[in-house]
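The two complexes that follow have chain A in common; it is paired with chain B in the first and with chain C in the second.
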Partner chain A sequence: MSNNRVTRRQFLNYTLTGVGGFMAAGVLMPMLRFAIDPALQVKAEGDFVQTSTKIADITEEPIKVDFTFEQVDAWYKSDVTEAAWVYKDGDRIIALSPVCKHLGCTVNWNGDSAHPNQFFCACHAGRYEKTGKNIPGTPPLGPLDEYEVSEKDGFLMLGKKIANTLV
Partner chain B sequence: MLNKIYDWVDERLDITPIWRDIADHEVPEHVNPAHHFSAFVYCFGGLTFFVTVIQILSGMFLTMYYVPDVENAWKSVYYLQNEVAFGEIVRGMHHWGASLVIVMMFLHTLRVFFTGSYKKPRELNWIVGVLIFCVMLGLGFTGYLLPWDMKALFATKVGLEIAGSVPFLGDLIKILLAGDAEIIGAQTLTRFFAIHVFFLPAALFALLAAHFIMIRRQGISGPL
Partner chain C sequence: MYYNVQDVTQFQSQKDFIDTVIIPLLSVNLKEDMIKQSSSATQYLMSLTAFIEQQFKGRIMLMPPFTYIEQFKESISPLDIQEEFRNAGFKHVLFITCDHSWTSLKEKIDVIWLPSIPLESMDQTVKKTILEDQLKQVIPILSSKWSQN
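Here is the complex of A and B:
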């Protein structure tokens, strides 16, 4: 036994630590996976939502278009209403998200009389151009998000949010 | 690496005696199953504690999804069991563990009874043990209602009627448990949740601490 580098005490220590660790892992692993589930759930998304705005009514001037969809929040289902700023750029229809890229407040077109023809966020005076491009020197760090746009029977349909393609 | 961190802390705070007090103690021959296999009966107390730890852990994680509200309780339980990864396992641990705690605790009580370990000087520890038994039954009773299904509702109905049959104080006990004289509903559920998750566990921790401090003070009872 003298040339045996693992002593009896060490062997027992390793065995007990291993078995104990295995048991603890067996108890804790399901609970941890259970807890981090929201970060790993795959969400189906990207369905276009019907709005009540006619394509023909959209002009060069941004208008606020409300749209309602069914939101599934775990065990709670509800109808949620969100909005988009919609205007025509030539023949193309642009729909911008009103969520400020600074800290998530809601922006308004012509919201500040001192800066006409801009999107304005009242929380920290963030400003954007008509394309959604953030104006340097104001708090936002990026341009407003854009909605995918489609048409059905003459009415506007909005899809999922994407990064701004105009800027 | 770990050893170095331990030494660094130990040098400053002298923590070795603290855990030595907790972990280093003699296991007498008559309670060691390696010497006499029948000594496994001395394991039931430890097993009760082990299952209790699992109950506490799984319960903590279950409250990440559970809502104690008549509209949403059942839906949230359904969601966590069927939509969340390992939900069936975590809820299963809490469900089966609840029964196992009672079984282990009962076997532990039988061992203490038949080895006469409740006799002087350990009478106080027996009394604390009986209180732990009551708290555990209370935890089982209040936890039973929380999924808010038909079995839960009718079990609670019966339980509240039993509580209501206590002489003189019955009606008062019933209304304090259920939150209403007639209805088993919104207030019953929130009350049972609060009792199950805050009040009884707090009592349990205090009683378990007393139980363990006493057994360490007095040592395990001698051989038969």
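Here is the complex of A and C:
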């Protein structure tokens, strides 16, 4: 009978290992999360987020497409809405991130009447060509990022943010 | 920019570009018949300011709200706050609030007053449209500030 009793030493071993493991997990998990840059994290099935824009409605004129996904930052869950400028280039669909590569404002297509057919950043007058190429002499130092695109049932799906492939 | 270490670090090295601060003034009212309305206004102000931040991240620093209860409102002094932020290098100090009483300081501080809208009863799409409309009211105020220099 006494063989089955948990000794004081065993009890301490079990509990302390348990607590230690729990503490290690508590320390490690946030570290893992830090390792993944939230800006490059898009959460949805298969990494693509469904939008409400029909492929057939996309023309050569860039339109703004909003999409929402859930982002978890430590304990704080939030719905993040991001946008993309989407247009057709021949048969190819291009989706550009609206986040200015200077300091991160949101750029607008045709936002400055003095410079038509360009993306314009109202914060410090940054400008980009339609391909997202930054215009020299304005503050941005790189081209707009791109989104991976895909299609499902005729609707546009947006995936990961990648470096611009057009310039 | 948000008031966090990463964004503040950027602010320190880019003060010429990040020249505007937005400071929400937030009233909290816990009275039985007011608490819902008060939390609704909070939700609205937080959503709207986050949206402004997203649009103008590279030029605006959004502060956490300066929060007060009605009886101790005097503990908040926008004039002193304005002074403090100017000294820290912000060229434009803008307050934003749903509390109408602050408009009495209109002559001395830049304050944007917006009546709160109950977003909680709206679905995502409507909410977005409303916030976009509200943003459109704020943009002219910002651009007139920015074109001053």
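Observations, loosely collected:
Methods note: the second predicted complex is superposed on the first by the 121 of 167 C-alpha atoms of A that agree within 3 Å, B and C clash if a C-alpha of one lies under 4 Å from a C-alpha of the other, contacts with A are read in each partner's own complex, and residues count from 1 in each chain.
Keep in mind that, in the parts below, a contact is a pair of C-beta atoms (placed from the backbone, for glycine too) under 8 Å apart; a residue touches a chain by one contact, two chains touch by 3 or more.
Computed from a predicted model, the values in this text were never measured in an experiment.
In the superposed model, A:Ile135 makes contact with neither chain B nor chain C. Look at A:Ala74: by the touch rule set out above, it reaches chain B but stays clear of chain C. When the shared chain is aligned, chain C comes close enough to touch A:Asp66, but chain B does not. Contacts of A:Val49 after superposition: neither chain B nor chain C is touched.
Chain A has more of its residues touched by C than by the other of chain B and chain C. Legend: residue contacts after superposition of the two complexes on their common chain; A:Leu103 is shown touching chain C, with no touch to chain B. In the superposed pair of complexes, A:His124 makes contact with chain C only, with no contact to chain B. Comparing which residues of chain A touch chain B with which touch chain C, the overlap is empty. Residue ranges of chain C in contact with chain A, taken from their complex: 10, 14, 17-18, 54-59, 124, 128, 143.
Chain B contributes residues 54, 57-58, 61, 64-65, 72, 75-76, 78-80, 83-87, 89-90, 93 to its touches with chain A in the complex.
On chain A, the positions that touch chain B within their shared complex are 27-28, 30-31, 33-35, 37, 40, 74-76. Residue ranges on chain A touching chain C, taken from their complex, read 66, 68, 79, 81, 99-100, 102-106, 121-124, 139.
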